[in-house]
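Two complexes come next, and they have one chain in common, subunit A, joined by subunit B in the first and subunit C in the second.
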Partner chain A sequence: MFGAAAVAVLATLVLALVRAVLGPTVFDRVLAGNTVGTLAVLLLATIGFVVERPEFLDLAIVYGVLNVVGTIAVLKFFRYGDLGE
Partner chain B sequence: MLIIAVLLTLMAAVAVAVAVQRNLFSVVVLGGIYSFLMATVLVALDAVDVAMTEASVGAGISTVLLLGALYLCGGGEAKPLARPWLPLAVALVIAGALAYGTLGLPAFSDPQAPIHTHVVPRYLSAALAETGVPNVVTAVLASYRGYDTLGETTVVFTAGVGVIALLRRIGRRKKPGRGQ
Partner chain C sequence: MSALADAASWILLSAGGLFCIVGGVGLIRMPDFYTRMHAAGVIDTLGAGLILAGLVFQAGFSLAAVKLLVIGLLIFFTSPTATHALAQAALGRGLEPLAAKEEENAPSKC
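Moving on to the complex of A and B:
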């Protein structure tokens, strides 16, 4: 079951990447980047259950925190033109 | 493993997109995506510590630093003056040689591979007695390869000092008349 979930997450990953590569505007790419981060979290969690190491969940949480930092930096740059003081 | 194969294929697609893309802001975002995929591959390969480093440095710090660089030097990449056929050919040849080299590698996680039979047994059996450090990884990094680690730390420290010196000068120049 978790294998099927992993395959589904991979398929979603492909779709998000298509948007990141083709995406006409920058916002498409920012959103796709954020989605890829979220999907990496999901993929880590499912991989953890597929290989029967549920402690991967903790790693997934750390990834989620990092993803927030990156996206906030990107959006702040876009809004203010620099990273602020 | 299917997941790793799919992820590596996606990473190749992202790398091509980074090379083609002319908007550097998009390139930074794509670079973050690349790092997240790489970190996931590393976790799937059971190299969790390396994956953490890749995710925090590659997707986190590098994105912020590259955005800072974009603020200083503008976000467009000029079209190349000539078609770079020669560099492309060199890169393709090197890629082919590296791919050919992987054919000679031992199978993944093969316990009889040379790297596992040469010095690793010695580390595992004698590290505690020789160094007094209970964690083998710490013993290898801080004792057996102590000078190597010292050199790496020196390089990182020098790079950090250089970056701080450059950014401080620019900040001081910008302060009086802000906004161009």
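Moving on to the complex of A and C:
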């Protein structure tokens, strides 16, 4: 059951990585990076249940927050040319 | 009760995985950046939501279920924010949506 979900998430991860490599514009790559982040959160939660270690859920929360902050920072750089003074 | 919970989580997890793959395929096949964001949204909402719901059924009434709900809330609030910032940055940098180009050179048929 968890295996099926984990395999599906991994397959989506591969598709997102292919989009990251193919993506013509830089925003496609940032979108793929954001998707990879969300999938990493899901994978962490699923694997946390497979190996019976609930601490993985804390990692997933922290990773989710960091992923969004990173995406916003990269977007600010590509939109305004620099991260401000 | 646990058989019901197992069945429900089995269905939710496989549906979530299916929607993740649907979003992934959409991410590849969509012609334009803005349509790809729609496909990425499918992963963030349905894929993540169903998988987390399936895991909540597995966790039962415990701290793990609360943490899963916190992850769900986190994705619920931050994913639209990131997608909005992404679209804003792309439009700001002059990335024209596909539909805009077609309207300019091809008069609408209706």
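Quick notes
Here, the second predicted complex is superposed on the first by the 85 of 85 C-alpha atoms of A that agree within 3 Å, B and C clash if a C-alpha of one lies under 4 Å from a C-alpha of the other, contacts with A are read in each partner's own complex, and residues count from 1 in each chain.
The working rule: contacts are C-beta pairs under 8 Å (C-beta built on N, C-alpha and C of every residue); 3 or more make two chains touch, one makes a residue touch a chain.
Quantities reported herein were computed from a predicted structural model and do not represent experimental measurements.
Once the two complexes are laid over each other on the shared chain, residue contacts for A:32 go to subunit B and to subunit C alike. With both structures placed on the common chain, the touch criterion links A:5 to subunit C but leaves subunit B unconnected. Looking at the superposition, the partner that touches the larger set of subunit A residues, subunit B or subunit C, turns out to be C.
With both structures placed on the common chain, the touch criterion links A:21 to subunit B but leaves subunit C unconnected. In the superposition on chain A, A:40 contacts subunit B only, with no contact to subunit C. Residue contacts after overlaying the shared chain place A:54 against subunit C, while subunit B stays out of touching range. When both complexes are overlaid on chain A, the residue A:66 reaches subunit B alone and has no touch with subunit C.
According to the touch criterion, the shared surface of subunit A, contacted by subunit B in one complex and subunit C in the other, consists of residues 7, 14, 30, 32, 78.
Partner subunit A is touched in their complex by these residues of subunit C: 6, 9-10, 13-14, 16-18, 20-21, 23-25, 27-28, 33, 36-37, 40, 43-44, 47-48, 51-52, 54-55, 58-59, 62-64, 67-68, 70-71, 74-75, 78-79, 81-83, 85-86, 88-90, 92-93, 95. Residues 6-7, 10, 13-14, 17, 20-21, 23, 26, 29-30, 32-33, 36-37, 40, 43-44, 47, 56, 59, 62-63, 66-67, 69-70, 73-74, 77-78, 81-83 of subunit A touch subunit B in their complex.
Put simply, subunit A touches subunit C in their complex at residues 1-2, 4-5, 7-9, 11-12, 14-16, 18-19, 22, 25, 27-28, 30-32, 34-35, 38-39, 41-42, 45-46, 49, 54, 57-58, 60-61, 64-65, 68, 71-72, 75-76, 78-79. Taken together, the subunit B residues at the contact with subunit A in this complex read 2-3, 6-7, 10, 13-14, 17, 23, 25-26, 28-30, 32-33, 36-37, 39-40, 43-44, 48, 51-52, 55-56, 59-60, 63-64, 67-68, 70-71.
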